[in-house]
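Heads up, the next two complexes both have chain A, just with different partners, chain B and then chain C.
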Partner chain A sequence: MTTRPKISLPKERLTSFFEAAYIDSQTLQLIGVFFVLVIFFAAIDKKFLSSQSITSMGFQLPELGILSLAMMLTILTGGINLSVNATSNLAAVLAGFFMLKVVPPDATGVQMVFYIGIALLIALLVGLITGIINGFLIGYIGVNPILATLATMTFFTGISTGLTGGATVTGFPESLAVIGHEKLLGIPIPFIIFVLLTILTHYLLYRTAFGFKLRMLGSNPVASEFSAIENKVVLMKTYVLSGILSAITGILIMSRTMSAAIEYGTTTYVLLTILISVLANVVSGFGNVINVFISIIILQILSTGFHMILAGIRGSSFFKDFAWGVLLILIFIVNYFVYQRKRS
Partner chain B sequence: MGEEILRVEHISKRFGGVVALDDVSLSIRKGETCCLVGENGSGKSTLIKIISGVYIPDEGDIYVNSHHYKKLTPIESIHEGIQVIYQDFSLFPNLTVAENIAINEQVASGKQLVNWKEIQDIAREGLAKINISLPLDAIVETLSTADRQLIAIAKALLAKGRIIIMDEPTTALTQKEIKALFKVINELKSQGISILFVSHKLSEVTEIADRTVILRNGKKVMDQDAKGLEIRTMEYYMTGREIDTSAITFAEVTPVTPPLLRVENLNLSHGFFNVSFELRQNEVLGITGLLGSGRTELALSLFGMLPADSGNIYIKGNRVEIKSPTDAVRHGIGYVPDDRITQGLFLDQSISNNIVVRVIEGFKTKAGLLDNRTKSEQASQWIRQLEIKTPSGELPVKSLSGGNQQRVVLAKWLASNPKILILNGPTVGVDVGSKAEIHELIRTLAKQGIGILLISDDIPELIQTCHRILLMRAGKIVGEFHQGEITEQQLYSELIAGALAESSR
Partner chain C sequence: MLRKVIKSNEFVIFLILVFLSLVVGTINPAFFSISTVFDILRAAIVYFIMAFGLLPIMIAGGIDISFVAIAAVTSYATHMLLIKYGYQGGIVPYYLIACTMGLLAGLLNGFLVTRFNLPVFNVSLATFTMWYGFNLFFVGATSNFDLPKGTVGYYAKFLITSQDPLVGTTGLHESILYVVVIGIFIWWFLKYTTIGRGVYAIGGNREVAIRSGFNVTMIMLVIFAIMGILSAIAGVTQAFLSRYFNPVIFIGQPLDVLAAVILGGASVTGGRGSVIGTALGVLLIQLINRTLILTGIPVEWQKLVLGIILILFTSIPALRERRIKRMGHTTELLQE
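On to the complex of A and B.
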């Protein structure tokens, strides 16, 4: 006779499912906010849930999304990367220059793919080098991450400005637009790239030895040094990854706008990536990639939703900043009360 | 001894399902030094926090200066003259001595402008109350722990403190500084101020206490005049069992050559000079000395944190270079630091993560991904093996008591299978019961073949675990004592002789 396997209680099964799926209380809170917002905007205007509106969000949010992943990695180590957006723009400018100066105007389709491939590699290489510079300053010299990346932010923007003279670079080959404008199986390509990078980042953080060390270092850099973790190597790798993710964002921006410019995004983007990390409760040593993903979607919904409602009203594009601010404050207040209740 | 100043009656406090305090009563008289003793988790901190108004008791009454309270708020507690000096002293490290002492009064006066002369006067008055002089313009973070503590005491007195609660005040002090602190405490007593001295260092308790109260598992198990109270009796009440030191067995030291570790003329400027010694397999070698004797610097050099300037290190006869912790680990050297909280543990991370941090590379599958199941299984195995008391390995390590936290640090290193383990103050801040168990663990590890360097100034600890003890003074090794050839008393006088030599220089 065989004994029946013990069936665990639904609640326990739910808990273990949540743990396995990396769902925490913050995730549930964010999902709640997500549904409230979707219902709110859909009730006001049916167009909000139209495939056109959703598709347009799918094209817009990956840029900020991937940049947020770049920011998140550095915040997890107890640092920050203020140069993410400057890196994106520098990568786009250099790749753009290559396409303008090197690609012959009569290149055939196959040649064009080859040249664009090289241009993208150049962008990624820019991400790698900027990452090495940040990693060296922070990991090896020991400069405070805020100061180091503030300096490199200015430095990278300076290079872009010097090269472009401040002007917008345009006139790229038509085929480049595929990345930023086409869909695969009905899903915008930038969104597919964003989802893939989100999953990769999640695996990197929670399923690799490097990700483990990164989180431990963020929790207590002194203890990690006393545990023979090579802090400087971990920091170097983190900032290099952050640089490469920033460069990928640069490629998406370049492909969507078919231009490269120093003023794209600028400090607004940097502040937004920090805001997303706060919303997703990313702190030194602890952070959930899923929460970052949902936070980005929430910000996009707010932005699109208010844009839709207030279309035509003067100054409406500034209202989304207001809404983001209000949301952030609300989240803080809710967290405060949750914390108070936990304490008592 | 004066009239009763503070009395708590039948206090109980629960946190969820855990009973932190169970029907505890306590009273303190004017000018009395009452020592509150207990292992970690016995309820000492909860009781302090109830008296200082941080926690609200579930049941019981509090009487201060004959005023009756069901619960105190922190403000009421301060108004009644209760002042707590926490382990971190709650000072502003970037401000001067004078500013730190005067800040409460300056803030309370509601003045908008700063009167620097007044600040100096207040500070001088505060320090005069304990007969101490400190440079008023010195920045607090440049001062020693002992001096910072005196500042905290002066501040508490200025705030009209009549009952001063000191939470583990001697943890980071040298012997000499402890003596100075006790002088200050006696001075306060003569001024009619009552002290509640919280500690688990029993030798100090016998020295300073008028009365001793012992808590165990949230209950008061002893409350009596401290006169004639023996350490063994207190240990018994604290742990509920006798700690038997007669049945200790030491590992057989393997006399093979070359030795496991040989250090030859090692030098570190401002650290230690011409240090040479050998450590054999199965051996526990004690290194003792006062704070500043170079013992910690020596440990850090062998672990690669402060690489030595000159000299040679041989492991099993082969000369090795140790320039970083990575080098040390490659040669099989592990290091359990004295500062467990900042150097040893990732407090917010789970117990499991803390245990596997050294060996995380070993959980890679063929695909390069971590096998999280094997990882948590191995962590659970260490939790069982070292008897770490926790309901789950996924809880943050900060949820553990001092003794259990130390076992996590030990597990972290044992998981990486070291040949040489350097233990720096392995039982600092650990309660008596856990201490005996950690000592037993050290002896067991030696029997399993690990060579152990034990750095400590805890005399009984050295006597009960070491085969040999090296004494360091001013960066040099000045003595070597063998197991069974020296008593606690003799070792103590050797150690203190150094202090006298240093202070008379």
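On to the complex of A and C.
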């Protein structure tokens, strides 16, 4: 693993915010990539910077974004959570079932808010329970995280499949759509939620004892065990958090599509969240939430940008996959030369 | 000797396999038929090949998921190329062209990993996305069902056939021979070649391997080349077994294969893993996947049962390992 060079500025000049944001070279590099891509796409197509396209990006990226936060937390502990997407679908399916079966169709406005609140609580509870299952398997039994979460991914998808019979659940109350479709002060609500969760995750990782323990566990589990950190408990908490974040994603997907189904996202979403963590240079013990945030925006820009440029060409939506892969390799290579020069 | 066998991880997987077969067989006696065996083996063929390709990389301490994308891009691109020139012959050119492409794709991974000192997993994630995107955008986005005349009927080339009163004639496809040959080759490669021993050395401790004179760059390139070639073989074989070429073949499967290899005793951090264990791991996952239908569980609940079985059977080796660890270092030495 490459060591993380810290940019040392005079202490008194650093505001506490920048100290918290912890701008490292990877962040600067990602910001650079961000501007290059924005200028590139804006130069080719004027529509790219229109408020309409930016708003649509604001609605699209939070789902993958929050899922990436869920993935990032587990990667920081040296693990992985392949069940993030299965968790969000299960949460959506169960909350959806509650709304279909329990909520009376003639509920008034206030009652409706109450029922939807309960449905959302159910979703979060699902996230909690799935997290406990993962945390128990990985922390207490000691199953390899890849195997454990692959098994639970199948298990959670299995529950959703059994309940829905593979069909899409629809017919939710209209007011649910508020979360996924409305804007607050011109900013899409999902994006606001995403930003809040990003800040919260950052706070948790860098400002709390738990976050410190989590990162210590990731960088050296044996050392952390001998430093009176209860690895099991930290792992359990991490996977629970990961589960809850996944469940929030489930709520967003449910609200945007007004439906719940087992096939939303599937394997590609899981791999994309890992790809974002890799792009953000998150490794066990070391990772920066800001980098994850920028990485998600970069991926969204690539996807939207190529979609605009290549509109009308056969299979245009697939070009972004190719571009993501190439971009990732390019960033790896640039990283290599940057760090090598620093070393010599 | 016997003690060593009984204590091995392979034996535990084998016991789970036997236990599961007995349970399924008790629920539905139709399980104990030669056609079931043929069916499971046929489904497992390509997974065996891909897992064997992945194994050396896992032993060297890397996790790769791009092998599925290499399988997809090599098989599909070869097919589209040959179809374009109106090729009507046999299957040998398919394997030759696909393997060449696979070799190059594998070497690309290897080059990136060794030249730029990158983690295998990161590179494989990038090439995974890249190759599927490449395949769909540049080569084609739809499945192709026109097979050349020379290859028609290949899917039913059986080594041995058997008459089954329920399902009629079933057979063991001849491509199981590839599995046997490749399995023996990988076993020989890992056990009796200097490069193969180097793979274990790198996985055990990379720094020590470099200091003791292993050419790590060369070894990594060789195992990535093997991975690329085997992925290409798996892709072409799967296409001919299912009689169509799919640009996104195996896109959801990399983790299944990975799980099979880990279940078979390969360590995620490297240094451990065997061909027998890998084969048993693949067989176990395929057995679970294919036999749930026979148990009479409703289709929509099968995935749930599969999940529970996976949770249980991944916990057993983990619990066992934890006990060994608690007993201390000496038992571990005795066990080796």
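Convention: the second predicted complex is superposed on the first by the 323 of 344 C-alpha atoms of A that agree within 3 Å, B and C clash if a C-alpha of one lies under 4 Å from a C-alpha of the other, contacts with A are read in each partner's own complex, and residues count from 1 in each chain.
Basically, a residue touches a chain if its C-beta (ideal position, glycine included) is under 8 Å from a C-beta of that chain, and two chains touch if they have at least 3 such contacts.
Being a predicted model, the structure only gives us computed values, none of them experimental.
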- prompt: After superposition on the shared chain, which partner residues are touched by A:I294: those of chain B (first), chain C (second), both, or neither?
  reply: neither
Field: Touching partner for A:I333 - first (chain B), second (chain C), both, neither
entry: second
Message: Output check: A:T154 vs chain B and chain C. Expected answer is one of first, second, both, neither. What do you get?
response: second
Partner chain(s) touched by A:A223 [first = chain B, second = chain C, both, neither]: first
Query: Residues of chain A touched: more by chain B or chain C?
result: C
Task: State whether A:L37 touches chain B only (first), chain C only (second), both chains, or neither.
output: neither
Message: With both complexes superposed on chain A, which partner does A:A209 reach: first (chain B), second (chain C), both or neither?
response: first
Field: Of chain A, residues touching chain B in the complex
entry: 203, 206-209, 212-213, 215-216, 219-220, 222-230, 285-286
Message: Under the stated contact criterion, what part of chain A meets chain C in this complex?
response: 82, 137, 141-144, 146-148, 150-159, 161-162, 164-166, 266-268, 271, 274-275, 278, 314-316, 318-326, 328-329, 332-333, 336
Message: Going by the contact rule set out above, which residues of chain C touch chain A in the complex?
response: 63, 65, 112, 116-118, 121-123, 125-134, 136-138, 140-141, 251-252, 255-256, 258-259, 262-263, 268, 298, 300-308, 310-311, 314-315, 318-319, 321-322
- request: Name, in rising order, each residue of chain B that touches chain A in their complex.
  value: 305, 324-326, 328-329, 335, 337, 342-349, 353, 357-358, 360-361, 363-364, 368-370, 372, 412
